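The chains carry the letters A, B, C and D, assigned in the order they are written, with residues numbered from 1 in each.
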Amino acid sequence: MSNKIPVGILGATGAVGQNYINLLRDHPWFEVAYVAASPRSAGKKYGEVVANKWLLGANVPGGIADLVIEDANFPDKAKGKCRFVFSALELDSKDEIKALENAYAALGIPVVSNASAHRWTENVPMLIPEINASHLDVIAAQKKAHGWDSGFVVVKPNCSIQSYMIPVYALMKAGYEVKRMFVSTMQAVSGAGYPGVPSLDMIDNVVPFIGGEEEKTEKEPSKIFGTVESGKIVNFDGLKVAAHCNRVPVIDGHTACVSLEFGAKKPSLEEIERIWTSFRGLPQELGLPFAPEVPIIVRHETNRPQPRRDRNEGKGMAVSVGRLRECPLFDVRFVGLSHNTVRGAAGGGILNAELLKAKGFFG
Amino acid sequence: MSNKIPVGILGATGAVGQNYINLLRDHPWFEVAYVAASPRSAGKKYGEVVANKWLLGANVPGGIADLVIEDANFPDKAKGKCRFVFSALELDSKDEIKALENAYAALGIPVVSNASAHRWTENVPMLIPEINASHLDVIAAQKKAHGWDSGFVVVKPNCSIQSYMIPVYALMKAGYEVKRMFVSTMQAVSGAGYPGVPSLDMIDNVVPFIGGEEEKTEKEPSKIFGTVESGKIVNFDGLKVAAHCNRVPVIDGHTACVSLEFGAKKPSLEEIERIWTSFRGLPQELGLPFAPEVPIIVRHETNRPQPRRDRNEGKGMAVSVGRLRECPLFDVRFVGLSHNTVRGAAGGGILNAELLKAKGFFG
Amino acid sequence: MSNKIPVGILGATGAVGQNYINLLRDHPWFEVAYVAASPRSAGKKYGEVVANKWLLGANVPGGIADLVIEDANFPDKAKGKCRFVFSALELDSKDEIKALENAYAALGIPVVSNASAHRWTENVPMLIPEINASHLDVIAAQKKAHGWDSGFVVVKPNCSIQSYMIPVYALMKAGYEVKRMFVSTMQAVSGAGYPGVPSLDMIDNVVPFIGGEEEKTEKEPSKIFGTVESGKIVNFDGLKVAAHCNRVPVIDGHTACVSLEFGAKKPSLEEIERIWTSFRGLPQELGLPFAPEVPIIVRHETNRPQPRRDRNEGKGMAVSVGRLRECPLFDVRFVGLSHNTVRGAAGGGILNAELLKAKGFFG
Amino acid sequence: MSNKIPVGILGATGAVGQNYINLLRDHPWFEVAYVAASPRSAGKKYGEVVANKWLLGANVPGGIADLVIEDANFPDKAKGKCRFVFSALELDSKDEIKALENAYAALGIPVVSNASAHRWTENVPMLIPEINASHLDVIAAQKKAHGWDSGFVVVKPNCSIQSYMIPVYALMKAGYEVKRMFVSTMQAVSGAGYPGVPSLDMIDNVVPFIGGEEEKTEKEPSKIFGTVESGKIVNFDGLKVAAHCNRVPVIDGHTACVSLEFGAKKPSLEEIERIWTSFRGLPQELGLPFAPEVPIIVRHETNRPQPRRDRNEGKGMAVSVGRLRECPLFDVRFVGLSHNTVRGAAGGGILNAELLKAKGFFG
């Protein structure tokens, strides 16, 4: 029998759930032992339910196809079958998701969530492990507030901001304040799940709007760059962001055009490149399985990064940046790119879980 | 026999040339009487040369298919066959294009050019007729400087800026200074001509770079908003622009995400919408055939304008704007859209010619 | 007040319904006076309901935007408001659609249907007016069987077969039996309605399957080429068809690769081209407004017809054929193309209605 | 120092050449030691030449970027630097390619070619190793005819036929004659190289024509299924093929709709599936590194295989088939899919080289 940690996936048949199952093939630490979804799928074999809607290449991993799906609305059923769960729940309201994720935590089952419901709960960390692993400190307060024993909830931020948050953080960590940031994104259709964006909207077209995305893009950095104080995360208010979010006919990979304005101390382009190239975070130090060796890849071609050609760098976990140059209005500008369903969704969730495991949060 | 003005097209077999021929079908004032291209095509019938590379729907207009192509390098051949020429020349260097366009002008054949060669010649107007029809005043000085009689050269600006220049101008004309402008474009592949952008670069991809485009985008507004003084155009230095230019998998229609910072006097969103909706320029007053009745169309849907759905407004000559809202960093932001091969290329050239005709420049 | 015939549209807010409304702008005979849809939309203004899901360019035609939507499930409401209805109903079952279409007919309101429900009802004609206008003779029997007075139902066939049925019929009419036909289609996404095909299935992909399409493609020609006998349509069994149907990333326009095997009498390629070029049907003779002047357009380029470049021929009502050549296995082969949402859907329905009007079926 | 066999690549900077370099990363037997291209690139470092036109993900493999490109027109330069060459030459005429490939062979350097020039040379084998490894027997005669010592030439067939040739062969090998075959392909743009197909031809479009492709598709099977007799390959004339070849907006992966007519002995669908599933060829028996473990993958979903989801099966070397069903005109039909730049080009070439190595042809 395997010595791996058994994990569960809530919302296992959806697009994000499928990505978790795909990425966890052969994971050195975790193994999918439990799949839960809506009552509609409960009681059926996973392989049969996704047969004609498996979104990824190849097949459902062998062992998983035969797992019987449980009803995600009954946390009790997961008890004893998995050490923690990845949540890719898609319910009608954020309140329902919050309540259900809490119910799992209350039963002693930690929840590593992709859902946005708990992002603004002040004692729930919103993690990008290279940036704010220190936010794990708030978990103790979260457990205490709820009277939970081993259970807790952590979340990850929106996929749209992943292509520049680590690069911006690297500059801040090196001592350069970033005060204002313009962002214009060109986001992949996989970010909307399945069926998601109709092809009638995406062939020979772009849609200059994604519901709720600009608000998240402008607001989430303040929590990610925040600090843990008195059992909650206090937001950082030193960075202002304006975002234009667009949907483009790309399968995977969100691209962002970014202009940065620094505080009084301004790095040269060479200094920025040096900082980015040498940046390493805690996941790299800990050698986490999903940590990209080089988290920020700097490209020098005139026309890169491009989503199809660069999204898979670092197995989809690295951020690619290019076209670093001066900005006529702010100080510098560049193009950032990250894989939205790997780093920006399931892969990011797995990295969060790896960090939790390495830090002893799974007992 | 027709009473229409006979016109010539230089570079008639290329993508822009084909668009001129397509758009001039049934033009009430002009009729294509002369087509010129490279020596390779000279002596052949137009219909035969473009047979397997006609880029547009339907067929080559009947009368044109039988025209014999002349060598564009010999302006003499055009003499007596057309009152003026549209230039869509594609030569190896800008200097060659300048010299050749000048040669036509010297022979008394006005040149209405799409080429970028003469854009920074200080006595050549770079026209968007709704904005700077007054720049026609510089033509007299241009003729005098060269000793030309009836010939002269006018140009149009780059296609990438057409989706917001008229809206910005409308605000300036209404008394609101625009001081700084962030622009991020998503540009159609037709902007690169034919064969242009390889499909291997555009399926499941975007390319965050277009050679020379950001420079043009940032610089051309200064001339367009300039004033004629002492026989030349003096650039306007009151507006600073930063541009990120991207190529996306769209056939026609350039989309721009724009953020504006005003001077001391700032309009409300309602005021902006009122200004845009009621804006009319000289082409509208003169009732020019290619002038869109409503030059700025304001959309209220959450997710428009979109290139495939809105590019053909005003027969491709109107600008569509939408998503007008406040900007967290500057004052306001919006999305602009224009048809790059109609308003941004051949259609824009035709409107320039109509303006010249209405103002008596063709004698 | 207008002298036009007032018409109703059932399922007016869906993709096909929107196309009817778009194509009927400025129709010389008909004017949309009544719109009906699901109970969800009933009572609201048409313009408001489709505001963020208007699929076509430009805007909802002015007069229509203000029409209040009625519940399509109550035929009584249509009484007195329209002379006949176009049915683009999308209900859960074909039986429901049949029953509802019959209910309109029973009230004296003829139904010109796009739905597939009644295609195999033996006294309901399945019309392509250039081919089988003679099937209108069965309407008398239909009325009699139901005891209907002025109401009746006619349908049109599936969009996938429109790109070659008229060309095949033209050959049969000229005396050449077509015995066997291989067809492989590449069909546009608009054929699946909205939201229809997810973009995750269509970017960098084709889907070699469309539910029910191959069966329809293989079976419908037998009724279309049938004859009216004793008050019903007797199918023609002289042509066998094998079809492979594929979905490709194209907005509009179904393309078909076709190989034909003739009976003993075989036309030459020149003879086929002559037949196609000169073919005219009853709609052309009657000068119906939506009848394309030339129903079959023969192209000679090596690489045409192509959906984006040729679908709009004859305002979307003509069929384009090209690449006519010998087939190593059967006799000849060619590529056919037709616009699936115009000729293949709403435009085809309008042509059917025009034929009915011209033949006096609307009283 | 490495014990791997040093290999050269002719035409190393083109699309196929780049694929060879990409696929040979970490090959267990071969290592790229020599790169040659046109005089234009000669003398420059490989990494510099392809910097802005590297078509694949990630980067040029480290060691290769620093190789200095030689002029492919001078075979002498390759002497002593590589044991054999992969030819991806793109010259103006087939005769030039033949002559140059022969020149390498004459110098004792075997040529494993992707070019089509030698496909119809009767003593040059056109290999699909699972089918006709026995054709290697003709090499002795080839050498003798030219008086060559260790050099020789082998080729591979066109990419368009790879998605069904192994499945058809498996049936023939199992005793079922296939007499007639209809094929309609939907081919990826990468098959046309780079820049290849313009995006203006591929967005919202298909092109129902690929120059020369139908002829190759119909003719090449006869040689592949041929037999070696008296020092040459005698073509098989028992199978007749009709092909419609189309270009669709897909990056990689050719899809084919296929209908088969058997001889007197006809397999059931179950029998066909059994044959396909259990089929193994010589590459599988020999355990060649690029041989897919399962060469024919049978899919049971209603809508597969699809190019984006299935092309990478068996690392791009397996063929996927699906939708096996009866054909109303012939006997059975199915959809086949293979990766055109892996199995259909560079990967196929590598498998050929592995077979040659395993059979002792490289000394």
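The criterion applied here is as follows: a residue touches a chain if its C-beta (ideal position, glycine included) is under 8 Å from a C-beta of that chain, and two chains touch if they have at least 3 such contacts.
Small disclaimer: the values here were computed from a predicted structure and weren't measured.
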| item | value |
| --- | --- |
| Steps needed, at fewest, to go from subunit A to subunit D via touching chains | 1 |
| Winner on C-beta contact pairs when A-B is weighed against B-C | A-B |
| CA centroid of subunit B to CA centroid of subunit D, Å | 47 |
| Centroid spacing, where centroids are CA-atom means, of subunit A and subunit B in whole angstrom | 43 |
| Whole-Å gap between the CA centroids of subunit B and subunit C | 40 |
| Residue list for subunit A, restricted to those that touch at least two other chains | 55, 201, 203-204, 249-251, 302-303, 308-309 |
| Complex contact set, residues of subunit D against subunit B | 55, 189-190, 194-204, 249-251 |
| Parts of subunit B lying in touch with subunit A, wherever the complex brings them together | 180, 182, 184, 186, 201, 203-209, 211, 218, 240-242, 244, 246, 248-251, 255, 257, 259, 302-309, 322-323, 327-330, 333, 335 |
| Subunit D partner contacts - residues on subunit A that touch it in the complex | 51-52, 54-58, 203-204, 251, 301-303, 308-313 |
